[in-house]
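Presented sequentially are two complexes of subunit A, the first with subunit B as partner and the second with subunit C.
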Partner chain A sequence: MSALVIAEQREGKLNRATWEAIAGAQQASGAIRIVMPGAGVDAVAGEVAAAACDEVIAIDDAALEHYTADGYVMALAALIEREKPALVFLPHTYQTRDFAPALAARLSRALITDVTAVKKDGERIVYVRPMFQGKLNADVAAAGPPPHIVTFQIGAFRGDAATRGAAAAPVRKSGITIDASAIRQKPEAPFKEAKQAVDLSQAERIVAVGRGIKGQENLKIAEELSQAMGAEVAASRPICDAGWLPMDRQIGSSGQTVAPKLYVALGISGAIQHLVGMKGSRTIVAINKDADAPIFEVADYGIVGDLFEVVPAMIAELKKG
Partner chain B sequence: MDRETLEVDILIVGGGPAGMSAALRLAQLQKQQGGEPLTIAVLEKAREVGAHMLSGAVLDPRALEDLVPGFRQKGAPLASEVHHDHVYFLTHGRKFAFPITPPPLKNHGNYIISLNRFVKWLGGLVEAEGVDVFTGFAASELLFDDDRVVGVRTGDRGIGRHGEVKSTFEPGVDVRARVTILTDGVRGNLTKSLVRRLALDDGRSPQIYALGIKELWEVPKDRVPPGTVIHTMGYPLRMEEFGGGFIYVMPDGVVSVGFVSGLDYRDPMFDPHVTFQHFKRHPLVSAMLQGGQMVRYGAKALPEGGWHSIPRAYGDGVLVAGDAAGFLNSMRLKGIHLAMRTGMLAAETAFEAVRANDVSAAKLQAYERRIDASDVRSELHPVRNVHQSFGHGLLAGLAYSGFSLISGGWWVRDPMPSHAGFERMLKIADYYKDGRPDPDATVRPARIDRQITFDRLTNVHFSGTRHAEDQPSHLIVLDTDICRTRCREEYGNPCTRFCPANVYEMVDAGDGTKKLQINASNCVHCKTCDIMDPYQIIEWVPPEGGGGPNYDGM
Partner chain C sequence: MKIGVCIKQVVTREWQLRVNDQKTWIRDADASFELNEPDAYALEEALRLKEKHSGEVVVCCAGPARVAQVIREALARGADRAIHVEAESLATADASTVADALAGAIRDEKFDLVLTGLQSDDQGFGQVGVVLAEKLGIPHATIIMEVQQAPSSGSGQALRVKRELEGGWFQWVTLPLPALLTIQSGINQLRYATLKGIMAAKKKEIRKAAPAGAAAPTQQILSMYLPEKAKKTQIIGGSAADAARQLVAKLRDEARVVQ
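Entry: the complex of A and B
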């Protein structure tokens, strides 16, 4: 079945979740093509052409320079109607959440969101999506005529697991033009916080601290470890509630959801509210005094011990290398 | 400030069984009687209809039959008819079946339901009649013209944690109505302020509450036949404490298991959540849950005071129905049908008053006469002293319950004297005469295995509760100094125990003492803290509209 993967970029910078969507699409379908909407996207289209795919289709139009729901729905609906794929995949990003429902409604096609796994049931593709905040997994199949539109949960597939092609895939222009006057939204300049907000979902390594850190003055030990590892510092809720770290560093159900390659949890007991925000991490290392702490149920490597003894030893070892 | 105003004829505040029944009844009256169409609106603080609904629940279908004739054919979501009734007295590790099912606990002809699904369905019928249901809007205050209620103001949106105005700020809307029907549920914030302002509880007994904590489980099918209803008394409560457990079995292995604890306990160290965990570890319950999965959690207070605790439920321009006014039969553990019935009677009264162009208290007093002539009185009046009698312990309560069946509720002193629950809580020094327990530890801890028993924080996750983080705390503690000094000494901070959602925590203040931390975003809107705080300094106000639990299927 032919599939389109809708890539996401902003100002020419690829959103990492695109690779995850490519990996998911490759599992679901043998023949995938990647669509890159935007303006001046040659370089970023070339970047995703490294994936094993039939081709990359660039919808390059000045009207798509800044994201608008109308612009994206118009461009993608026109392309999908022309190319007639059986499946359309997107990463479940904030931007996708904004326009995918409208796209599905415009095409009158089924939309399955937040998919975490793909299974084959004979000819049919069955999608797994979480319910009850991740407590249950439902198997869902799309009804109605193709194409079916599917979004993949961030972190459900590993971007580095996407198969790369032997040679770069060809990039072609879609030839689709957009009537800029039909776009109703008028985007203003992107809102930038005075202080650079961190996007932890893009971090490859994270050192997270919890209540076990005891006092704000002890945060420097976590900062030292993160510097030695090239990691971002994050925290569980109590740390941010106490104001020891800003709220944008909070991981969990009321903070960010992350899936880095390496997640080091220092003194985090592993309340379920925290686990749902980081359990997709590839490798989890937990250091906690309490051997019964739930964090050890999700950890790949667990150290039962005092973080104030273990972490300095880790830093010393990392500095040797 | 620029505030929008919406004018309606009849406004219903709170989209629960009472509010939705009122709305549907109004739409029906409109259809039957014709005339100038009335505008009707329902305000509901939950993001979607039914999301804050929590009950056992076993439904007595009497009111439903009158409201929606042929409800079975009209798709009412009734999980199962009740086929088996069991009542047990539990001791540690053992159970004793009652020789006969006490008449109030006979449930044949009733239905096990999910109140969430049931109210969603009712809401659908209401919307199909063209009534506007505004979800995600909490009414934050009543609007008065002298002492006449003329509507409500909804809460502002986009206020930051420290009260600052954010870029998303939207002022609340003034919804002005000729008659406002308050169905804001147990310890509703508007009803509370109305009762205070107009002294509607003058000469009435204090309301007595209980806290129900419930989980929804999925267990292997056919372990227990669907339609089974089990009620328990005794363990893990002691003779001095009121309450009991319930297990309702629905099809497909879905089981509702919960525990109700009277909020009139004397032991300041009593912990309803831990009590629920002990209940689940009793062999009767654990055998049923073993190998299953907990899928939802929630908690809600219940008004159990009965007939004598119901305030005057009308005023100029206003009527109160359902749990907000305390229409609940604590002997039968049922209130949904009474909420529906009083909602319908309030609707009839409001409709008549608006048509007659007279919405004064004198006109709306017809509501009281309607209630007195209905099955609400005939059900509640004979058991008017039963809950109060349990204030003298389980045995006294059971004895009086039996007696009341013969005496028609008569007692030497009628109303039987009673106290508000929070007044009954003893100070640690008076209750624990042989030594002071650690206020940060549990006196009778339950083992938490994360299979059958859970800690509070894990449970909260399964309530699905969410609030915008950057907003002022909607739990207002008037003086947190009392928490760290007086309360810690006198009661050992009982809020950390009676709150089923880990909202209240005593954390290190950094100087060797403890201070109160309010995790407001954990709140499941059960109202227990507002009810049970011994100093009555906790005020529950609605958070930004849309915040709160998500009781899907509960």
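Entry: the complex of A and C
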């Protein structure tokens, strides 16, 4: 089965999730080709040509210099209709989430999102994807004519597991041109909000709180635990959305990615958006009253219980030294 | 500004999920349901835009009869009227089917702006909004954290919206109306229904529509199950005090991550 992998780059810099998508695609399909959309992408196309693949197809057009949903849908729809792959794979980045559903709709093809594993069932490919905030997994199959479009969850495959070729694959220009006047979105340059006050990626230990903390007034219990451990306080998204902690304390896909020696998750259920930001931590502790919370899937130590009873007892124990 | 807001009803976060006998969906016959949280932020943003620019907020929901609960709640929070695309099969439908059902029911409304949450807490496709925009033939932008009216350029009304990118990055994008935006949680502070709102909602119109023909499904659920653990987790039992003591001892002596 022939598969296309849609690479992602910004200003010539490859998004690392592209290598994860290449690894996943190699596992799902024998032969792959890699598509690199953008403007002036020779160098970054050469970079992915190191992968074991039949070729790299560069869609190089000035209209693709800055990402827009319309530009990408036009370019990729034209390419897919011409190349007729059986499968199209993408990393499930925010950019993919912005255009892949429109691409699938324009081509009237299935789009399976946020896939964490692929299995073979005879000729059919079965995709594993989370449902209900990661509390359940589902095996799903794509229906309807090919190509089926599939996005891989960030971190589901290891980028360094992608097979490299013996020699660099050939890079070919697609020849596809984009009508820039048909692009309706006018993007401005990406920016970061005011400088982050805390760089949690440098913290050795992190105590993170989630919805289970219930109220802002209860944050002091997390602060006391962090002081007793020599840890920084962080949070899952809902806590920062509510304004209980500043946004620069947020861990997850829209916040910071951390890998401390110790990560203590208090009342965090472990939605995938949070897990991608912390699952590389060396030792993970989860304290949650719901035994089925997905956070326990990545935890080394777990306590199923009331954090308002467990944490004060932990603080007392730590103070005994 | 005439604004359509697409909402979904999902099982509450606290609901203990159990897979049905066929392993194709959850047992939800006696589940409790709530408004999908990202959609609540989309509704709130629509209400704020109406307060600022005047107009109308119409809430749109594709689902079985039970979704009337969240439709009434949205009306109580301040939406002016509602459209309910009703079919039992929509409860478990894929993104393309849901977007088809919504597109058929709202196309003639000619909304200036359509808002959705960025994804649902149940199937979590993150697709319906963007697919709907494509089916309606209007431009879209996703994961939006702020909505401004763009200075008029002579070619009609436009919005300038702040997209969230990964890792703390953002980007402003300008797009012409009509348009569709998927809204990120946390864009605003939610309001809740007042007693007055609840009373007023009883008189508001809910238009029922049927899905316009059966769209071919694009995804089939073969089986649902509890995820396997990625790690071997030591679950520490006992009383809170016992568990805390054991945990601290393990963090000191086994993992060696605290002193």
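Going forward, the second predicted complex is superposed on the first by the 194 of 321 C-alpha atoms of A that agree within 3 Å, B and C clash if a C-alpha of one lies under 4 Å from a C-alpha of the other, contacts with A are read in each partner's own complex, and residues count from 1 in each chain.
To be clear about the criterion, a contact is a pair of C-beta atoms (placed from the backbone, for glycine too) under 8 Å apart; a residue touches a chain by one contact, two chains touch by 3 or more.
Since this is a predicted model, take the numbers as computed values, not measurements.
Participant: Give one of first, second, both or neither to describe whether A:97 is in contact with subunit B, with subunit C, with both, or with none.
Facilitator: In the superposed model, A:97 contacts subunit C only, not subunit B.
Participant: Of the two partners subunit B and subunit C, which one touches more residues belonging to subunit A?
Facilitator: Between subunit B and subunit C, the winner on subunit A residue contacts is C.
Participant: Scan A:254 for contacts with subunit B and subunit C and give back first, second, both or neither.
Facilitator: It touches subunit B and subunit C both.
Participant: Answer with first, second, both or neither: which of subunit B and subunit C does A:289 touch in the superposed model?
Facilitator: In the superposition, A:289 touches no partner, neither subunit B nor subunit C.
Participant: Check the residue A:158 against both partner chains and state whether it touches subunit B (first), subunit C (second), both, or neither.
Facilitator: Touch partners of A:158: none, neither subunit B nor subunit C.
Participant: Would you sort A:298 into first (subunit B), second (subunit C), both or neither based on which partner it touches?
Facilitator: second
Participant: Could you list which residues of subunit A make contact with subunit B in one structure and with subunit C in the other?
Facilitator: The answer is residues 132-133, 135-136, 238, 241, 253-254, 294 of subunit A.
Participant: Mind listing the subunit A positions that touch subunit C in their complex?
Facilitator: Interface residues on subunit A, with respect to subunit C: 68-70, 73, 93-95, 97-102, 104-106, 109-114, 126, 130-144, 184-193, 196, 205, 211, 229-230, 237-238, 240-241, 243, 248, 253-257, 261-262, 269, 279, 282-286, 292, 294, 296-306, 309-311, 313-314, 316-318, 321.
Participant: So in the complex, which bits of subunit C are touching subunit A?
Facilitator: 11, 13, 16-17, 19, 26, 95-96, 99, 118, 121-131, 133-135, 139-143, 163-176, 179, 184-186, 189, 216-231, 233-237, 240-241, 243-245, 247-248, 250-251, 255, 257-259
Participant: Inside the complex, what are the residues of subunit A that reach subunit B?
Facilitator: Touching subunit B: residues 132-133, 135-136, 215, 238, 241-242, 247, 253-254, 271-273, 276, 294 of subunit A.
Participant: Under the definition above, what is the set of subunit B residues touching subunit A in their complex?
Facilitator: These residues of subunit B touch subunit A: 293, 295-296, 450, 457-458, 460-462, 464, 466, 469-470, 507, 510, 517, 519, 521, 552.
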